[in-house]
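Before anything else, here is the set of structures, which you'll find just below.
In the two complexes below, chain A is the common chain; its partner is chain B in one and chain C in the other.
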Partner chain A sequence: MDSEDEFMSGASSGDDFANIEDSDDDFDNEDQDLGFSQDKDIVRTSKKSYEVDFEVLGPSQIQLQQDVQIKDVADVLGQPPEAAAILLRHLRWNREKLFDRYMENQASLLDEVGLEEDASHTPSTKKIPDFECEICMSGDSDVETYALKCGHRYCVDCYTQYLASKIRDDGEAARIQCPTSGCKRIVDSKSLTFLVEDNLKSRYRELINRTYVDDMENLKWCPAPECIYAISCSVRKKDLAKIVPTVTCECKHPFCFGCAHEDHQPCPCSLIKKWIQKCEDDSETAHWISANTKECPKCQSTIEKNGGCNHMTCRKCKHEFCWMCMGLWSEHGTSWYNCNRFEEKSGNDARDAQAKSRQSLERYLHYYNRYANHDQSNRLEKDNFAKTEKKMTLLQNQSGMSWIEVQFLETAAKTLQECRQTLKWTYAFAFYLARNNDTIMFEDNQKDLELATENLSEMFEQPVEQLSAKKLDILNKNTYCSQRRVTLLSDTAELLKRGKWTFNISLD
Partner chain B sequence: MAGAFASRRLQRELPKLQATTSPGIKLVSATDLQEWLIDIQVMDSAHPLYAGQTYRLRFRFSGKYPIEAPEVMFIRATAASCWDQKPRSIPMHPHIYSNGIICLDLLDKAGWSPVQNVESVSMSLQSMLAGNYKNERPEGDEVFVRTNTQRPRDVNFEFHDDDC
Partner chain C sequence: MALPKRIIKETERLVAEPVPGISAVPHEDNLRYFDVRIHGPASSPYEGGIFKLELFLPEDYPMTPPKIRFLTKIYHPNIDKLGRICLDVLKSNWSPALQIRTILLSIQALLGAPNPDDPLANDVAQHWKENVTAAIETAKEWTHKYATDTAT
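Moving on, here comes the complex of A and B:
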């Protein structure tokens, strides 16, 4: 059986190596019943329902992708690569559209992007007798001038300055137009390279690459600072209500392909956007004010009643009123400190509105506090990587364990971080969930993970002397946490994919 | 501070502007090469909104003018400070905020062309007024005027139409 297996999977031996560890169990269990499809099964189970396929691209691969497409289009259209590049950039790398437009009306398309029929000519400057440049409003017969096919001619100095400003200040590259107001002719890269100084050329190339990635729907830049990689992923905008596409860059930065935000499993992009907005928005402050304060009926100052009786005297205007009915205190006559207008309908309505507002505020705060708490812990733990390493060294010295044997601490630190990150976003997610059985299951999962994470965190924080005795416990808890996290994410992603969640808000 | 390039260009524009024959455009002051004031009028004497009115434009130039657009806005002025002894107000227009900031693609970095100059911008604004018969401010004027702390050129306008 074994040898047969090896034979069957010979073609994809690379995959097998990666899966050998995971698949040990499978081999034992399933040895008898199947041999053929086993390889496939392993591959399938290795991808969890909340994971997506993606590929990391370096600068040379991005360049290569462009070159391949440019060459393709150049061959099909019989245009020089230079022209094909302009056309592709102009139509945002949409080849089908490009071919359609080209077949439909070749001349008008070429004209639109500023390509002449003979695109192979080399750009050159010219001296024009009695020339006056419209940009600097000066010039004479021996100044060098330049014009694109549109014929709008300016002195080389001004042209260069104009292009430099566009590239350096505005970050434009692929779609810089002729300086003439209203002229849509695009400065082709040949003219551009001819005119701008060398130090701007590399910036120009970089910008051109940037627009390529920006224009492609399946490509995104890694948002980590200074990162040069892009990610290729097939998840489209319209899929984002059904999947949370977390990807991890070559630089180890995990982020969401959908919105470039940090990894926010299991909460869909549109919800985290709403949540962050809600948390930042001072509408919540207003909310608090409406739940906890009233305005003075005379001068409209906002008053928070933090104790005492219903007889209010406004500090600002000295107006005396009843906190319950907001009416004049003098009208309360002898019913001192016991407003008997309390049961009136208007009073009731005001009370209901206030109670409702308070309730919704409390609900929000419940989720927000837990979200913020995990966020905070997560941030602390991120800063503490150095501390973990110190701990590992210390443990090594005290217990005589080898460096490899103390690795469990680093693993635990990583697990803690992942779990906190997930927990954080489960609260944003739960805030928008309608109450039903799925939500209850979700909250159970969430509770399990939270409990396990707190346990692991507690173990992890123990004094170093006790750590060596607890190694097994920590390893076990670590595995448990990871499993709980996978379960929570898989279950949630599964329902999301099938559109089974009910939210108390629309998903778009 | 105007750079050498901007200075040279403005020095060439100035005499042309002083001698301008465009009706309804008048250079009020250009004491340096950083800030110029221009008065404009709508020439249509039957215009329901702007007939008989004069409005004042303030141009500010950076060292990168004319590669970079100038900052242009309407400003108020008291009657006593004006040559015709009439006060200057901010014209009512759906693309002009009550603090004088103008929402016009021509003045934005994407719409600006270095071929434009003070006179051509003034003329564009003149015709932007002449073509308008709506006695209203842009949507959200009050909030924008109260909260905007950015210089006009840094405001990210969305241009709803290009024929303003």
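Moving on, here comes the complex of A and C:
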């Protein structure tokens, strides 16, 4: 591969490697511009203020990035690639640190990772007269023992078992320490290959690969179960007070690059962490709220919520009310939709300390109630995905529409889910938001999105026979919902970027 | 079914050379299960108390740490309502070269030096940080109330 040297010189820092997207095939192409500007995925048209640039990496791309760095370091240090790989892993792929340490004291660094200059050194076991192993508390003069350079010696069986348990059960690989408590000596890869049983070697290799992504600040594994992709994104920890970096994996899973939690826009990472902690701490108090049943405010008969819509109609007395605030539904649809805002009580009560603590609980419950409600609706709507498919089939049969023509239902289901997800986190955000002129805009945006979402949800849950006539309405409402969501996210992200929000808690 | 030699030896040594202020006695019907008593260290809020714990050696002990829990109620920032203990050597810093004896000594030391910055019981840790004197007072009360009845 003649082009490789050219490629190396073009790539000057670790961060640049993250942007390499070309497949192995392109790699040999001399004329290919390996600068990173033309990357298809990175350049997006009309990026919104809440979107971040990112790239999805598959296993071969992750491998390629490592190989490139290993070769580069091997060339600079004049070491074989295997040694460069060990050094890079040991120093968590921090090349600057590696070069510094290498220049400072080459011998001690090589020794530390078990790459002593005496390359002929091969690990071997030893018999020690009257040996007693501290792990199995047995032994004698014939038992084979092993020790790293630190001299902490154990019988080979125990050593092997120890490494197996670290690799198999704890998922450790590149930085397993000597079994002695407090000894920081790393088990070098020669010793590992020497001691570990063959059946664990492939697991070891896999783990070694995983640590590369774990060690790189610009890479994160997709947290979806069994997912093999990693995401590359330039957002750093220090940026997280100004941006909520939601990324979407190849597997379609959207998550936060900052904290690997589910997509929690518009609420910053540090706030969702505090919020989740608070909800856990207060869960006993708040538990009743998340219950699936409520009493009809008019006739007191028990009503179960079984869809995502908040418009409840009591089966018994036909009373129509809002699930969230229990107020009359008629007041919601036509007039002032007042369900999203907690009216601060007059300062009068505040003098009384007890009233104050009750008020702070009420305030929390107000936001928690709405947060939990959207969370629950979202879950129900997720279950409804299978039902949506059934609905689509049914509608096809009843109306004679084609499969393509009934796709609007799937689109609506997806929009509902996205909007609920966003709404849910707007309440955590609002809980920590200190009042200023911009909070009114935020609450208006929230209110608009909530109303639109409830409308769409209600249309969506109509009996199938009414759906074909409502197709246009649903499509229009769907578009409107998406627009409201984009507006809310854009406005909120814009002010976050500019540091315009004030919170009643510190953002770190 | 056979008990590893290591467990037999450890148990023998615990009996032959007991640690002052600590006892660990295996159940007759399950030699991996120990009844543990730790005396609260002198000049700590737990002084004068005798704390009961249960200790279990899992199948892959000593590759994995013993499972251990306070049975006596205790007011301590690193011990939660269920008696679970936040101690590094019981988790990531466990080493198979450590023993029951060393672990129990670490727990005794934890009683002498609570660490509210690495809390398991959040509310207790909060109390400890905001008002050390009052927190220590509560710990003393609890010791008196729950840990001094040695009859059982």
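Heads up, the rule we're going with is that the second predicted complex is superposed on the first by the 333 of 508 C-alpha atoms of A that agree within 3 Å, B and C clash if a C-alpha of one lies under 4 Å from a C-alpha of the other, contacts with A are read in each partner's own complex, and residues count from 1 in each chain.
Definition applied: a contact is a pair of C-beta atoms (placed from the backbone, for glycine too) under 8 Å apart; a residue touches a chain by one contact, two chains touch by 3 or more.
Fair warning: this is a prediction, and the values are worked out from it, not measured in the lab.
Asks: Looking at A:T502, would you say it contacts chain B, chain C, both, or neither? Reply first, second, both or neither.
Replies: neither
Asks: Just to be sure I read the superposition right, which of the two partners does A:D281 touch: chain B = first, chain C = second, or both, or neither?
Replies: A:D281: touches chain C, not chain B.
Asks: Touching A:E134, do we find chain B (first), chain C (second), both, or neither?
Replies: both
Asks: Quick one: is A:S165 in contact with chain B, with chain C, with both, or with neither? Answer first, second, both or neither.
Replies: Both partners, chain B and chain C.
Asks: Could you list which residues of chain A make contact with chain B in one structure and with chain C in the other?
Replies: 134-138, 158, 161-162, 165, 169, 179-182
Asks: Please output the residues of chain A touching chain B within their complex, sorted ascending.
Replies: Residues of chain A touching chain B: 134-138, 158, 161-162, 165, 169-170, 179-182.
Asks: What part of chain A is in contact with chain C in the complex they form?
Replies: 134-138, 152, 154, 158, 161-162, 165, 169, 179-182, 281
Asks: Would you pull the chain C residues touching chain A in the complex into a rising list?
Replies: 4-6, 9-10, 60, 62-64, 89, 93, 95-98, 102, 122
Asks: Spell out the residues on chain B that touch chain A in their complex, using ranges where they run on.
Replies: Interface residues on the chain B side: 5, 8-9, 12-13, 64, 66-68, 106, 109, 113-117.
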